[in-house]
Amino acid sequence: MGMQNYQGFVNFLITLLLVTTFLIILARRLNSVIMAVIIQGLLLVALSATLGWTTGIHEMYIAAVLTLVVKVLIIPVVLIKAVNIVAIKREVESFLNMKMTLLFAVCLVFISYLATGQVIGKGSGLLHGALPVAVSLMLIGLFLMINLRFPIMQIVGLFVMENGIFLAGIGTTIGMPLVIELGIFMDIMVGVLIMGVLVFRINQSFDIIDRKNLRNLRG
Amino acid sequence: MLREAAISAYQIVLILLLAPLLTGIIKKMKALFQTRKGPNIFQPYFDLYKYLQKESVVSEHTSWIFRVTPLIYLSSMLVVAAIVPVVVTDSLLAFTGDLILVVYLFALARFFLALAGVDAGSAFGGMGSSREMAVSAIAEPAFMLPLFTMAVAAGTSNLTGIVQSVVNGGEGVLTVAHLMSFVALFVVAVAETGRIPVDNPDTHLELTMIHEGMLLEYSGRNLALLSFSVSIKQFLIFTLLVNIFFPWGIALASAGIGALMTGTLVFILKLIVIAMVMAVVETSFAKARLFKVPDLLLASLLIGLLGLVSKFVFRG
Amino acid sequence: MPVFDELLLIVMLTSLLLGALLSYVLHKKPRLSIFVGFTFANLACLAGLVLGPAILLSKHSLDVILPWSVFGTSLQFSLNPLAAFFITVISVLSLSVSVFSYGYASAYIGKQNVGVLGLFYNLFIFSMLALISSSNTFMFLFFWEVMSLVSYFLVVFEHQDYEVRRAGFIYIVMTHIGTAFIAIAFFLLYKETGSYDFAQYSSIAHNLSPTLKSVIFILVTLGFGTKAGIVPLHIWLPKAHPAAPSNVSALMSGVMLKTAIYGFIRIAMDVLGVGSVWWGVLILIIGAVSAVLGVMYALMEHDIKRLLAYHSVENIGIILLGIGAALVFKSYGYNNLALIGLTAGLFHVLNHAVFKGLLFLGAGAVHYATHTRNIEEMGGLLKRMPWTGFFFLIGSLAISGIPPFNGFASEWLTFQALLALGSAKLGATMNIIGPALGAALALTGALAAACFVKAFGIMFLAIPRSVNAEKAKEVPRTMLVGMGLLALLCLIFGVMPFIVINLLSPVTYSLIGIETIPLLGGYSWLNVPPIVGQGVAVIKPNSISPPMVLAALVLSVLLISLFIKKFAKFSMVRIDETWNCGTDLTSEMEYSATSFSNPIRIMFRAIFQPTRETKKEFVLKPYFTSRIKSQGAIKPFFEDHLYRPLLKFFLKFADKVTALQSGSIHLYLGYIFATLVALLIFAR
Amino acid sequence: MPLILLALPLAMALLCLMVTDRRLLGAISIVGLATIVLTTVLIARQVFTGSNVVWGQFIFIDALSSLILCLVGIIGFMVALYSIGYLDHDIQEGQLSERRLKYFYFSLYIFVFTMFLVLVSANLGIMWVAVEGTTLATALLVGFYNKRNSLEAAWKYIIICTVGIIFALFGTILLHYAAVSVTGESGSLDWQTLRRVARQLDPKLLKLAFIFVLVGYGTKAGLAPMHTWLPDAHSQAPSPISAMLSGVLLNCAFYGIIRFHLIITEALGPQFSSNLILFFGVLSIAVALPFILVQHDIKRLLAYSSVEHMGIIAAAVGLGSKLALYGAFLHMINHALTKSSLFFIVGNVCQHYRTKRIIRIKGLVKTMPITGPALVIGGLAIAGSPPFSIFMSEFIIISSGFAQGRNVVSSLILILITLIFTGVIYATSNMALGTPPSRVKVGEQGNFAVAFVLIPLLPVAILGVYIPAFIQTILQQVTAVFIGGNQ
């Protein structure tokens, strides 16, 4: 229907998602990371709302609301609480330096385009932009988890990956069936809660050095 | 049948009679080479008689092994004597035994003698046994390899068969292989009979002796039996050496009295030659150190192996 | 008759299982447990002793199919002549050992759980018998592994000792790796035929490609060779045998190693049919190396059971010499000559079982009486344990290949097989290898004799070297009966080898299509067919007549005794001290086992690489030495140069790899990441 | 019926939350799981005697799922029984407070529920949700002791598994995308429908989807090199939970891979996914080897052995012939039984000796007259020696490999298994034999603990020499699932 008209806007939103991901990479303070996470959540809300508007599928609105609740409200709140309780130093610590991190992230984006290039045929419309970005988000999310030190940052990485999935889901097929969508949201929510609990407990029983690395179990 | 039995019995009696004499002859020759007068060549007979007249003293620590050893030693020598062809190609027990049996009967005798050496508990006996078993361990393959070469040529390990095959001028007679095998066996014969440079039969010195150490505790009739057996063993080994490699002149199984007599004569001549060679060797070499002996035997083994190889590779 | 045979087989197997079960159940009452356990074992062995020869004499195989199946393969026992022969061997030895065990096991009461011993002992015999009777590869592997396991438990029976545990571990590892090779060989056969049945295999031999055949041959050589203890795969053997209780060592050495020979013959001669010449040559070389090195290492041992264990390596080598010769002849198509080698090998299988069993039982008896296995602490036992000593002497003579005992008979045949290699028309290489290996066998025999002069002389003769040896007493009667039985067999098989040759007739017929009897002579003879080799007309066939030799020996002994009686002046002997240069003889002055083997250690120093350490304790100055302590050892060549580096490499490698699991979650996520990226790049 | 299956564990979970009394909790859990076992058996009976169980749009149970259902039920039941004694002991030792007991049972039931959901759902999306659910349900169980190491393990467990599972979700989405144009919205994730229409789907997309799913579920199934969470989680969780994780959870995750594998095979032919699965299978066996050889911690050793055995199952599924599949699922049964019993045994041992370090445990046959020998038997069984059942299944798998002519791979598997055998035997024999340390007293951990050491070993021993007809039928039907694509 009106899909074509909004293509440009959607593509813009998708590009912004990628940009926010780079923001997360570049942020050096925990608070700004969380801000970027919130922005990314908001972008997803906007994206699903737009798609709902253009396609006329009402389920997309439900997805938008759920995203708003889970990704913009609950998870950031948990994260902020966790940061407040746990982190003494508010800086982000990574294994690689900034330049290398950026280089890697760019490479990952490149690989994503390469990997998805073959499957996207001509005239795939929305997908054309969404799938590579989704894969990029996932890979970069994972890369963040590998690269950043604090347990909390791993939750952030996971969150970025989730966003990638979400993008892939709505980008490729305008959403999964509703039941599944609900299930996924619940899983994410419970998952983050449990992680929060664990972070809290780890904080209680480990000192700062150990907390960074968590390397007692080996071999 | 009866005739064959008689001929074989003649051979055995010949061995029993001539064995001490051979020892005497070698001693005499050695003495002559060393420009000594030397003992009577019948001295070994006198010795044996003397031993028989003496009381036998046995150590309190010994077991029955010590007492049965002389019996077993002598009887295994007797069985070998019945197998080896001496003046006739055939012998009493030729049908039941072959060169492998001969070697293993020697081993039987040696096994018991070595045990007897240990039995009294004295260090000399143990040392003798230990050295005897060590030397014989290397001597055994060196002893068997030349014999095998001959056996393979004859297609049988039966001694009569081998001797006859050589007499008949079968393949490989008087070739390089044949001579090399002879040399190899000669070296081993020196070791097996306990002669210089491997052992010194005339001394009881701790540093040099091998064989005599085991006999140290024996006396009287036991010593007589053992000395007798030892000279028989020496005689048999020389017989093997002579008859397998140079059997010409030996009487054939079907031969008459005349051939038998010539056979005997030729055999004795050959023995004397061997005795002479042995005496020359003993006078011109010094007793080797115990741990040089393996080198000697190894050399013999290698010569034997070369003989074997040349037999098949060079057809010579 | 077949019904009767079937019944016997079932009785044999079930009574072992019953024995195992009952002796474990009764472990609270050790005496009863021992009695019940070993009685059932004896029962089974008696059944086997009837069954084996019955099948061999009837010349028909026996097939028993039980109503039981797992994934398509039925539980089928099938006894062909070869299997029947091995059943006989196992039964003969197990019978004597089980009789021996009545007395021997009672020594464990109060120390170890004899119920467990009975359990595993019975299962051990069971697994060997079942393995031999298996009709398909699945069952074979199954029982093979059960046998390894059960014997492992027997090895670690006295597991409180660290050395025992270590020995057991090395044993189970080696044997398990060997099994892997066997399994691969079996799977390859399965792939070719789609069947696990041995019966199906024998017809496919000519369809296999030569390469595949050779691969399978190599695999079974390695696999069965590990179990049989060929050099250099033997290292478990001298460790495991001493660790086990002596009755078990007797079985392990006497018959368990033979199951490997059985498997090897089964595959290499029965299934694979005619092979390349180099197969036989390989086996010959392995045999010679094992024989010579086995006996050499044995000479350096002063632990009687380790010594005997090394002799197992030696004797397996001798067996393989016979079988290798047979393989060579078979590949040339000279089946009538292959007969000699095969008969020699199989005969030696039986003989080794008998005399090695006897020797291990003897060692067990001595251990029972003196509580030590170190021969340096024995001495003078012949007076204290006359029967044990006598039997041990017979075993020593037999294992040294000395007539008129059984070792000689089979070694003689082996010699003949090797000589036949020399004189048959096989080309120069074979002709040289044959006699040269004959010389190696001669060396082996002579060294074995040296070793047993040492063992018997130091253990049983002269003055006791320790208090334990001085206090030793003759062992209980059951143990003597067990040993006596075997000693008798040593003599019987040595003097009347035709009994065994006769039994082997159907075996050789099934393997190479020729019966033993017409060629290997009639009664009382051990003949070898004349070889028309190098164009020489053979005048005399090779033959010996052991009964005649024995008769001649006995006759000469009688004659000499008569002679002595007649001519010696003193009929009495005087008992006196040993002459010791005028001092009193004490046990410290005796020649020890170490000094006995010293000349050989020095002569073969290139092989042994002996090391020596001397420590001096002195007062004031080195000139006034108060004590000298000297310690010698030989270098375990294969452990130093093969196994230890291999193990080190493995552990080092494993250590390196375990660094991958370093505990860092970042690294772990990295693995996932890398896997994914790699798959994205490569897998599409 | 399937509804009961799902509702029962949920209800029990809630019930457990309301109870604090130790005895009552135990009783409830036994009764609950007994009922659940009964239900699974009834369902399995229905499936194996006649028809697949279908309920509505979302539930479909065929032979494959009901086999694993039964395993979950049976192992779960044994775990419930074993837990009583085990937890009692922990409480007496002061390791746990009685208050927290109910959370244990609550999580256990949720765990069972999520696994059931994985197995019964006809929809790949729901299946995904359920698999993620298993992670969430067990994460807190892994960290149940609240000690540093167990928290670390739980943390790694949840992070790594969640990451993995996200990839699986992405794969699912890709599949959904590929299918939606063919099947329409409703059937796009229904694996039966997908399998039917598989040939019409875009092969490139399918390949991509499978790669993601393999990495994703592979992480959860413990395939190397994504297995890294496994030794940590298995060694730190309470032993009954380790048994559950090792015995059935891995199978459930692998079940996910199989479902995708079936679809992909239908679409692309057997090469692509089979070879990938085979590769990861063999890799897992190979990776487990060095860790088993130089392992210090007995529970970690068992965990790596799980990696190995999942590798074997995967390799067998990858080989894919009828015989191989038969072997694979026989192996699945065998491994579940053997491994859970081993975790019970080791649970007893570790409680008795108060250590998990192999080197400090000695002379078990003396100190624990039943558990000690059981450890030896279990070790031998898991290492694949007869007369135990794993020997049988490994024999079948490897011989099927040879039968296909894949000599090199099969030989490799055989050799790896052989080497692993040495590691396992080294550890178990060192623990079982020898002279026990003097501080350890002689005695078992109570009748309950001992009984459940032995009960799973019994079928292990029996299956080694005899496979009853009904199991053969079951296995044949499971194998048939792989063959009939278009039914």
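We just call them A, B, C and D in the order they show up, numbering each chain from 1.
Keep in mind that, in the parts below, a contact is a pair of C-beta atoms (placed from the backbone, for glycine too) under 8 Å apart; a residue touches a chain by one contact, two chains touch by 3 or more.
In this text, all values refer to a predicted model and were calculated from it rather than measured experimentally.
Taking A-D and A-C together, the pair of chains sharing more C-beta contacts is A-D. The mean-CA centres of subunit A and subunit D are about 31 angstrom from one another, to the nearest whole unit. Spacing of subunit A relative to subunit B, judged by their CA centroids, is 99 angstrom. Taking each chain's centre as the average of its CA atoms, subunit A and subunit C sit 70 Å apart. For the pair subunit B and subunit C, the distance between C-alpha centroids works out to 35 Å.
Each of the following residues of subunit C touches two or more other chains: 658, 661, 665, 667, 669, 672, 676, 680, 684.
Counting partner chains per residue, subunit D shows two or more touched chains at residues 155-156, 159, 163, 167, 204, 208, 231, 291, 294. For subunit A, the set of residues touching two or more other chains reads 115, 118, 142, 145, 154, 214, 216-217, 219. All chain pairs that count as touching, in label order, are A-C, A-D, B-C, C-D.
Remark: subunit B residues 52-65, 67, 71-72, 74-76, 78-79, 82, 93-98, 100-101, 103-105, 107-108, 110-111, 114-115, 117-123, 125-127, 129-131, 133-145, 148-149, 151-158, 160-161, 164-165, 170-172, 216-217, 220-221, 224-225, 290-291, 294, 301, 304-305, 308-309, 312-313 touch subunit C in the complex.
Of all the residues in subunit D, the ones that touch subunit C in their complex are 155-156, 159-160, 163-164, 167, 204, 207-208, 211-212, 214-215, 219, 225-226, 228-229, 231, 276, 287, 289-291, 293-294, 326, 365, 380, 385-387, 391-392, 395-396, 398-399, 401-403, 405, 407, 410-411, 414-415, 418-419, 421-422, 425-426, 429-430, 433-435, 465-467. Considering their complex, residues 115-116, 118-119, 127, 134-135, 138, 142, 145, 151, 154, 158, 161-162, 164-165, 168-169, 172-173, 176-177, 179-180, 183-184, 186-187, 190-191, 194-195, 197-199, 201-202, 205-206, 210, 214, 216-217, 219 of subunit A touch subunit D. Here subunit A touches subunit C in the complex through residues 95, 111, 115, 118, 139, 142-143, 145-147, 149, 154, 213-219, going by the rule given at the top.
Of all residues in subunit C, those touching subunit A in their complex are 658, 661-667, 669-670, 672-673, 676-677, 680-681, 684.
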